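You will see two complexes here that share chain A, one where it goes with chain B and one where it goes with chain C.
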Partner chain A sequence: MWEKVKNYLVANALNLNIGFFLFLLVFIIPQFFANNDSILLVIRGLIVATGGGYIFYKLLLFRKNNPNFKPSESKLLVDVAGSIIAILTGLLFGLILMLIVNPGQAFGGFFVILQGGFRNIKSFGDMIYFSVPIILTGLSVAFAFRTGLFNIGATGQLTMGAYAAVYIGVKWGVIGEFSPFLHWLVAILGAIVAGALWGAIPGLLKAYRNVNEVVSSIMLNYVAMYLNTMLIVKYIYNRDFARALAPKSTAVTPLMNLHYLLPNSSVSGGIVVAIVVVIILHIILNKTTFGYELKAVGFNRDASKYAGMNSKRNIVYAMVISGAVAGLAGGLMYLVDGKFLQPLNVLIPEGFTGIAISLLGLSSPFGVLLAGLFYGSLKQGGFYLQLYSFTPEIIDIIIAVIIYASALGLFLQKFVIRAMKKREMLIDQKPEEAVEGSDA
Partner chain B sequence: MSFADIMYFILPLVIASTVPLALVALGALFSERSGVINIALEGIMIMGGFVGAITIHLLEENAHLPIQTVALIGLLVGAIIGIIFSLLHAFAAINMKANQIISATALNMFAPAFAIFTARIIFGTQRVPIGDSYIITRVPGLASIPIIGDIFFQGAYLSTLLGIFIFIIAVIVLYKTKQGLRLRSCGENPQAADSLGINIYKLRYVGVMVSGALAGMGGVIFVLSFSTSFNATVAGFGFLALAVLIFGNWNPKRIIMAAFFFGFMRVISSTKSVIPFLNDLGLEDEIYLMLPYIATLVVLAFVSKNSAAPRAAGEPYDPGKR
Partner chain C sequence: MEYIVEMLNITKEFPGIKANDNVTLQLKKGEIHALLGENGAGKSTLMSVLFGLYVPEEGIIKVRGEEVHINNPNDANNYGIGMVHQHFKLVHNFTVVENIVLGFEDTKHGFLQFDDAIKKITDLSEKYKLKVDPNQLISNISVGMQQRVEILKMLYRNADILIFDEPTAVLTPQEIEELMNIMKDLTKEGKSIILITHKLKEIKQVADRCSVLRKGKYIGTVDVKTTSVEKMAEMMVGREVSFVIDKEVAKPKEVVLKVDNISVYNHALKKNSVTDVSFEVKKGEILCIAGIEGNGQTQLIESITGLNPISNGSLTLNGIDISHYSVRQRNNSGVSHIPEDRHRHGLVLDYSLEKNLILQTYFKELFQHKGFLKFDEIRINSDDLIDRFDIRSGKGSTTSARSMSGGNQQKVIVAREINRDTDLLIAVQPTRGLDVGAIEYIHKQLIAQRDAGKAVLLVSLELDEVMNVSDRIIIMYEGENVGEFDPTVVSENELGLYMAGSKRSDQ
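So, the complex of A and B:
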């Protein structure tokens, strides 16, 4: 056992050192320089340089180890290129729409969208804040998708999670007097459990009654929506404002020192939770037998059964995990100062956005993280778009076009592969010409 | 209130919600029978309702047409927009063999955003106002028929009556004509249908377009019957229609019954305070609103073995597959 740990530490010494260094830079050091803008600027620069340098180093290493790498044969690269084309299509559509509506301000507005969350420190922090629930619902949908299930019910699971979290946040203040962090943790656990239970229903129906999970989770979305309204009015209603009561301050998501690095923004520790979930799901899906079984059942239910896997149980587990992540999204979304659950009988849109994010992120946890941040950036762009004479709904239009374009994935992939092969042929031809030249 | 009074009060309201539900569910039936799952109904309804409402608004302001003609034009425009919008889904699902749930989700996201965006540009707010009330107080002649006249032809909407008529026509086309049979065969066994010289792609396009037309029209009916403005939403009627289709086991007669039951629950949730019996029960509105969805889940769970769902629905057509 110790031998193994030691080997792991030695083999990953560089990764661990860089990780520790970044941890210090993000969570520990900034609090000592809270009011010193120039030092904070240096710290931010160091973080970007370290992260960027690390990625660059990895790319160089990869090229060195794979000299004959052909982009068109890498499924990952082809898929990523497909996603990028879909994104460009969506942005182009947005630009055209803006040109039609108001040609004078279209390019200015478009630049604001592109700038997105990278406008200033505040918008960067807000981008992270808004992307947290999106990343988590995206993970929920992506996890189900990898196991062959289409979880269109993330909205419902998110709603149940949000209700459970807010309920615990409002009513169980006793825990908060004992320990604030514990109160938040219990509220979050409540959200996870509520989401998991709500996700288990379509899983059970699929496994034991062969009910299509798409249909059952659409129904459950609406049941959750009405249930949420009913329970809010019954137990945690604030009549003066016609909304749910605010959770006690002890249940609000801790800031985890992030506000020192990104002052004035709404950023909170939610992003840390989201990244932890990304890593956990990545490990489950790619490094464990359990995840392998889940994926096998998704590929071919009968074959996995024949191989001795319990396909029914695995379907239920997959939906439970997916639901738990969506519930967590709901918890983190509403355990925030100044955000209130509302008894409006409207589906919470973040659940459906998760489908888009999962698709853009190619259903891989790290991809979803990037896609979620991209969405957060677009949203920030939409927010600042109001400086120009456009409404932020244009972002939703762009996202819808992006999903539609990525739904045409097969077509895009063929296109990308053809373009890549053309380029490779050009590169291959050059040395051959040289050889011919020397012969003559 | 006596029982009869309650019935006369409730039934017209129930019929007003039954008709759009049944019509949109029938649209979904057309699409699924041809082999394409269409969960974009909500989005198509929003698009149809939105453009229909704009048309009606503009006609009210600028043209001096009889009020029911305006409604009729609005319905027609809604249907045409529905067809155009559904073509996007058809193209992705049929030609591109895309995941039908994903492309439909894209349309569902697009429609409300587009409606709000455009309405803000045209009107400054996201609401599209509709001035007149399109209710017909008495249909001449027919309203004097006892009982039926009271329920159907007093305080009814032209859109409702037209919806009933179109529903009947559509059912006859789907179940009593050669083309209808061919369309249904595409959703059951497209390979076999293809071998008999039926053009699968064409008929699937027809199926999706019919569903688009009915859903678009359903959106306009929704606007005309339930509110005085269009606010970029059809209150989940598109998804409710999907539930109606499943609860109705893909069968027109049962679709009507399901739509009636679902409509009944919606009406009860808002009118229960005037019904003594229900008022005494003291249940929340939401319980009645939830019930249709729960009933659909229960039906799905317990009778899924006898499901009459088209067998090839949701699968892209692959001529090489047997």
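So, the complex of A and C:
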């Protein structure tokens, strides 16, 4: 045991060091210089430099360990390239649209879209803030998808989670007096449980009554929507503004020092929670026997039966986890200062966006994280697009096109493989000639 | 013009492996040309190149003397090339006609027109004695019939160069006989055929010439009439293969599996698919269930392994009643199972080879700790089995099961099940799709398992296998056990009569 830990430490000394310094830089040091801008700048520069350097180092290491690596043979690279092409297609389509609508401003506006969340510190923070619920609903859909289930009910689970969180935030202030962090934690746990229960329903129906989860979870979206309205009006209604009461300040998602890093933005600790969930789901799917079973059920139900796996139980578990993550998204979305649950009878759109993000992120947790951030960035771009007198809806159109294009993924991948092969041939030719020469 | 198809110096690479390495194949007009090679030798790949599914890195293809570029199956169609794949490509909830015209539909005012198609299909079907009813649903017809639909599909598209990739692996002996006749008729009409098969007997029976591949390389082409079966086997494997199995007389001991009056009810057909079957399998013997496909063997095995419930009777394993055990419980109490359908039950095609090798054991202490998989152990396990069972693939343990050749996929399953070292080994068609070398190896393994004191229950459609490997034979006909035989005494003819239902012993 000790040997193993020691070996790991030795082998990963560099990773661990970098990780530790990043931690210091992000969370600890900024606090000493709360109001000093130039120091912040230096720190941010350092973070970018270390992060970039680390990735570069990893790439070099990979090249050294795999000298014969051919990009076209790596499924991951081909898939990712497919997604990138889909994104480029969407952006191109957006540009054409803008050229048609308002040619004079089109290129300026397009640049704003490209800049997206990287415009300035504030927009960067806002981008992260807006992408948190999207990342989580994306994860929810992706996780179910890996088990062969199409959870179209993330919206409903999110709604239930949001209600539970806000209810606890409003009503259980006593906990907050005792410990603010605990109050938030309980509210978030409430959201998780509510989402999980709501997700369990289609799971149970699918497993034991063979009801198609798509149908049952769509219908549950509407049940959740009306139930939400009813419960708000009954228990936590603010008559003056015709909306839910605001959660107590102790239940609001803590900032976890991120506001020092990205001042003036709406960023909160939600992103930390989202990243933790990404890591947990990645571990569940790829490192555990549970994930091994879930994926086996998703890939081939008959074979999983043959192997003696309990596919019914696995379906229920998968939906419970999927629902829990969507519920968490709801909790984080509404445990925010100045954001209120509304008794409006509309389906909350973040649940559906999650489907798109899961597709774009190739149903892998880290992929979804990136896709979600990308979505947030586009949204920021759309926000600033108004400066060029375009409507932000252009962003939604671009995203829709991206989704269409990634649905054409297989077709795109062929294209990618062909392009990669061509390149490899060009690269290969030179060394071969040299070898032949030395043979002769 | 002598050759109708020439594939010259074809090279096709996959990650980690040259599936075809400078291979040449020349097909004469009107001949049946057999393509022989071990599992993973690159036969399917070569044919996929000809059919436009893969584009080779090197080499040229000539059809009717002209160099052509075949980039997709549509091109192949245009050059008159048709293919019946190793794993059929039919739409199960479509009818026969719909499947045949798929992609070549006639329409009138935007509506599909089937009348002409049905007429053409009926004519073709009569001409070549294919006996296919165009209006049946694919899901309702037998595997042999499905194959004839695939043949009709080629003929409908006026193909005259026909590729058959292991057409006989899934057929009964009678169906094989019919297929051979159909192929001969086809060549009489001037069609040319490439036939992939592992069964040397069939090559002897119908083929004119035979080309041999070994590990992706072209070994040579021989005239079938003048070449012995042994010689062909040697060319393909690179060593001598023994066709007779030496085994000692079985010494059965205690009963392991006792099947007592089992019935299985089929709810869709509203009748029993297995009726009152009883038998015992003892330690140290190989009991073979023989019979023509579709006489309840599948359902019987599924009820023993727990995939399908029994409606009557009881199952006892080592003295314990397991009739109501789950699949997992049965696995753990000592049943291993080489399933009939490797793609449906045996493998998770999207998992890597090493992950497929732990399909029923991933939860054991050896492979997990507190719910976390032990990847090192998993790798050690798979490297070991790959080595012992000679499983060939592009990237070893990390190869995706989907990309492996059919025979090597089968080896993965056999390796996994034998390695589980259980009291009862159920092997359903364990050598389906394997080359002669691999068959020899697996037969030896089954006998070794027997000699190590295991009870082996073998289900086979191949009379050769039944006669050579088993110690006792029972025959199933229409879901019933119609007789028990000793392979050293009974003749193949006798067995045939029982299998066809024209004879049964009074019990």
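The rule is short, and it goes like this: the second predicted complex is superposed on the first by the 422 of 440 C-alpha atoms of A that agree within 3 Å, B and C clash if a C-alpha of one lies under 4 Å from a C-alpha of the other, contacts with A are read in each partner's own complex, and residues count from 1 in each chain.
Going forward, contacts are C-beta pairs under 8 Å (C-beta built on N, C-alpha and C of every residue); 3 or more make two chains touch, one makes a residue touch a chain.
Bear in mind the structure is a predicted one, so any value in this text is a computation, not a measurement.
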| item | value |
| --- | --- |
| First (chain B), second (chain C), both or neither touched by A:Y292 | second |
| Chain B versus chain C as contact partner of A:L205, first or second or both or neither | first |
| Touched partner set for A:N300, first chain B, second chain C, both or neither | second |
| Contacts of A:E393 with chain B and chain C, given as first, second, both or neither | first |
| More chain A residues in contact [chain B versus chain C] | B |
| Partner chain in contact with A:V214 - chain B first, chain C second, else both or neither | first |
| Partner chain in contact with A:G308 - chain B first, chain C second, else both or neither | second |
| Touching partner for A:I355 - first (chain B), second (chain C), both, neither | first |
| Contacts of A:F150 with chain B and chain C, given as first, second, both or neither | first |
| Residues of chain A defined as touching chain C within the complex | 70, 73, 287-290, 292-293, 295-296, 299-300, 302-310 |
| Chain A-facing residues of chain C, complex | 15, 305-307, 326-331, 337, 339, 344-351, 355, 359-360, 362-363, 367-368, 371-373 |
| Residues of chain A touching chain B in the complex | 97, 101, 150, 152, 201, 205, 209-211, 214-216, 218-223, 226-227, 229-230, 233-234, 345-347, 352-353, 355-356, 359, 391, 393-397, 399-401, 403-404, 406-411 |
| Residues of chain B that touch chain A when the two form their complex | 39, 88, 92, 96-99, 101-103, 105-110, 112-114, 116-117, 120-121, 233, 236, 239-240, 242-243, 246, 284, 286-287, 289-290, 293-294, 296-297, 300-302, 304 |
